Amino acid sequence: MKNLLKSIVENSKEYTKEGKVASYIPELSKANRDALGICVVTLDGKEYFAGDFEEKFTVQSISKVVSLMLAILENGKKNVFSKVGMEPTGDSFNSIMSLEVKNPQKPFNPMINAGAIVTTSLITGDSSEEKIENILSFTRKITDNKEIGINEEVYMSEKLTGNRNRALAYFMKSNGHIDGDVEEILDVYFKQCAMEINCRDIARIGAVLANDGVLPWSGERVISRETSRIVKTIMVTCGMYDASGEFAVHIGIPAKSGVGGGIMASVPRRMGIGVYGPSLDSKGNSIGGIKILQELSEELDLSIF
Amino acid sequence: MKNLLKSIVENSKEYTKEGKVASYIPELSKANRDALGICVVTLDGKEYFAGDFEEKFTVQSISKVVSLMLAILENGKKNVFSKVGMEPTGDSFNSIMSLEVKNPQKPFNPMINAGAIVTTSLITGDSSEEKIENILSFTRKITDNKEIGINEEVYMSEKLTGNRNRALAYFMKSNGHIDGDVEEILDVYFKQCAMEINCRDIARIGAVLANDGVLPWSGERVISRETSRIVKTIMVTCGMYDASGEFAVHIGIPAKSGVGGGIMASVPRRMGIGVYGPSLDSKGNSIGGIKILQELSEELDLSIF
Amino acid sequence: MKNLLKSIVENSKEYTKEGKVASYIPELSKANRDALGICVVTLDGKEYFAGDFEEKFTVQSISKVVSLMLAILENGKKNVFSKVGMEPTGDSFNSIMSLEVKNPQKPFNPMINAGAIVTTSLITGDSSEEKIENILSFTRKITDNKEIGINEEVYMSEKLTGNRNRALAYFMKSNGHIDGDVEEILDVYFKQCAMEINCRDIARIGAVLANDGVLPWSGERVISRETSRIVKTIMVTCGMYDASGEFAVHIGIPAKSGVGGGIMASVPRRMGIGVYGPSLDSKGNSIGGIKILQELSEELDLSIF
Amino acid sequence: MKNLLKSIVENSKEYTKEGKVASYIPELSKANRDALGICVVTLDGKEYFAGDFEEKFTVQSISKVVSLMLAILENGKKNVFSKVGMEPTGDSFNSIMSLEVKNPQKPFNPMINAGAIVTTSLITGDSSEEKIENILSFTRKITDNKEIGINEEVYMSEKLTGNRNRALAYFMKSNGHIDGDVEEILDVYFKQCAMEINCRDIARIGAVLANDGVLPWSGERVISRETSRIVKTIMVTCGMYDASGEFAVHIGIPAKSGVGGGIMASVPRRMGIGVYGPSLDSKGNSIGGIKILQELSEELDLSIF
């Protein structure tokens, strides 16, 4: 496995030159475009690495999966999905028009920004500090990594430039889609996006989902089998921004990407995978990361279809 | 004239029962649904009244005309219309979708909320206090009424419930359509909407526009003839929310309505008209006010078409 | 007047180089880009010309005004406006999205293609031949020109390439917005757009509207004063495609343009104007024609605002 | 298995009363609302039945899967997906707005009507007769049923009332998204939707897909493994109209429904399933059919997630 990963990372390196590091948040543009790494965590707890697997990056949209798991854990499936849907949408991740044009009772799904802001608004805690501590603590548990914290520069950068997310949140507030103080909810949201992780951390999250909600390293159940299945399903239909359909067809693994360059993937009953490569394609997905996952899926026949 | 106005107000009274007082801002719902009044100011400065012409109400969207006049005065036509368009739109006044779907360089016109927020952002002043003082002072001048102030309850009510306007403003901020601090701009905007006026005040504004920018009572020019014409034209195409086309066809007078129940109308080279009736139709226009203007237009042949 | 027109045409010539002849219908692309002409018809029946005023061109969207006049004459205002609205829209002339997104009971207005197809569907006649004869006969009457006929090459060209209009018509058929056979209605519509006219013809139509529905050359009333006013109002709010607002602000005359290069304008109680210049701006309006109207409006103070 | 199917059909019967038979095509409204049946075909070719499994119905949108398989077989994956995308969309199946609003290079996916019309346009044949014969012949092969033909009443009914599909097709013609004669393409499309099948037929199609493109009853390969995977993936993300996400979460099997009341499902490497129940929910999916699949999926642990 180790050699396979090493050779796949090598093969995928050349593609990083075709993409661009995210620039909409100034802090993200400082990433090293050529970095590329992978970690695989199998269900017996073994871990395999290659490339820049120890490089830290911010979790960004991959945190939408974490907050969804936690929100269901704390509120129940029924309550969460009364506030946010589970249907894919052809809109881009930060689109606002569907909230008005289609006038839905709730945002389409928890992987677009509007839906993720709703999910975050459901996390328990008496203050925004308590809420983000709650998310951090859950993230540390499912990554078995007590060191995970927030990158303050990225958080401040998101907060300063997050006006599109403010527009989404105030629109939903005006429609009654979210309760609570908008700026507080956004503060938690910006912080959860700025959690700093590496390939291993997200590979472990993928492994927990692959293992139907049980931590492979301890046997402890953290979420139900049903929640685990729901989350993987939504990752397939909505996890890769507006390239989700293409990713499902070509690679066929539940996955969630973030503009920090990470992709967290979960092969049901087999393994969790974390890849990192901050050079992004036009849809906002790691260009090298997708190449790695495609080759790995073909080599190990990982498609669920 | 006085008898004509009196009989028209009487004739229009019955229609007030078919509408509803605005309720989206809690404070507005306290208005007396049956109130109805009119004031006409001719270009020689004569003033005629009937009905509840002295009842005070908040100016609401009629302030969009005032801030447009002032913004052009301070910044020039070219600068203002580089930031906001002059095309009518079939969207409702608080719509956000066109900002994304049609991705325009600027909001469609200064009479929809998005455009009016841009106009307000262009008013000069070193602080939000100075800006609203600037607007108040200009309003007092074109109404010849030094008493005009802000209804604090309505302002607070708008501020508390103005999340749709926040969504519009943050969306435009994220697209670079507005400069400056969003909450400060909105604060000025909420205050300008909460200016308290009566029929006479808006009739005088209409008379200034009808008189090509010269105050009828003093002969002083406050805005250019061209600005005056621009403003009246935009009132025709966009002044009555998404009933502007129908109003133009049936009544044919440049006019601007507000959900406080006022309609300010300007008959070029003839007169300014202010009507008040807080009972609104489904488009947000004063139901009795429209009836009054329709009968008056027919009686005095006021249509410009 | 004659000298004024001549000098204005001269001044406007240079602008024709900045535009392009319409090419979406292949036949239209054969027009001479530099042609430019004008005709003015006053209410006492006097006619003044300059430039290429005798050059023939197809009426295109200006026919929407003719079919609207005729449809109201035959069906009454109430029936017509139960099928098509009178509100301006920020959409482009051939847009289909609003029919679905806003799901209106009827197309927004008779100047966008969807609305004009509805208007044409209301013209009386037992067959498409009778209907187009009906339109031709009415057009000949209001232009006092018995020679007006259909340019068969343009008609065939429109029919062959009119798939966007077919999409609009079948969409409205599926929603119940239009009755009757879609291909027959479209056949009449394509033919009415292919009527061949010159500047004088459209200047006369403008003069009939300016004269409140009475033919200036014979004193015969063809449409009511009210219909005449309705038509002029809709020309102001919707006549110049999505540049209607700007045209109203800068020129202030009810007008309707066509991609054949014509603009028909009507100054209430003063004159009708026809201009021709097939070089179009990006909105589909005659670029030289707009310059001519702007200069003429300023020289003679024609704005209604 | 037989007893399991029987009891599941019994349990699901009560739900048929909550839905409605399709009525937008008059012929469909004649179906028996209470009918409910199932057929399961395993990869060793065994077939199990329960309920009204022999009742015939029209295939409707399930034919979109058949024409997609055939179009890829004849044109190659690359050519097909250069003309139609593979992304899910939150729009309803017959939506036209995205073709204009998002102005994509191609319709979003082959399961919405716009995309399916494109797929059909790619089927080879010198005439519409040859094309539909081609589709029929392929359908007979993958169902091992030489009797499959077209229900002429339903076909005529679709043709007469198919104006929304005409609108979609002419819109795409005007944008260059489809080649060829629109009415001919629609004729083939209406006929493919009117193919008459029963539960067994669609269960066999599901089994071919589950078997990676090899006919279970003969071992003959009809489509490649890759095509088979692509088709199943698109069924997951887009197969159940705008309830695809919810179906994936709750049931987790690639499936495609039709308004005739059928659902064709394919459990990778395990079985094909056909269910029939013409009582539909508000999204257009068989209400009893979904209940059957949900219970079966739970009983046999069929979810791929």
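The letters A, B, C and D name the chains in turn, as written, and every chain counts its residues from 1.
In this section, a contact is a pair of C-beta atoms (placed from the backbone, for glycine too) under 8 Å apart; a residue touches a chain by one contact, two chains touch by 3 or more.
All values derive from a computational prediction rather than experimental measurement.
Steps from chain A to chain C, taking the shortest chain of touch contacts, total 2.
Annotation: the chain A:chain D pair of sequence copies touches via predominantly the same residues, more than half of the used numbers being shared.
Chain A and chain D have Cα centroids lying 32 Å from one another.
A separation of 55 Å divides the Cα centre of chain B from that of chain D. If you average the CA atoms of chain A and of chain B, the two centres end up 47 Å from each other.
Residues of chain D in contact with at least two other chains: 97, 101. Residues of chain C touching chain B in their complex: 85-91, 97-98, 101-102, 108-109, 229-230, 232-234, 236-238, 242-246, 248-249, 252, 254, 268, 303-305. Chain B contributes residues 95-97, 100-101, 163-164, 166-171, 173-174, 182 to its touches with chain A in the complex.
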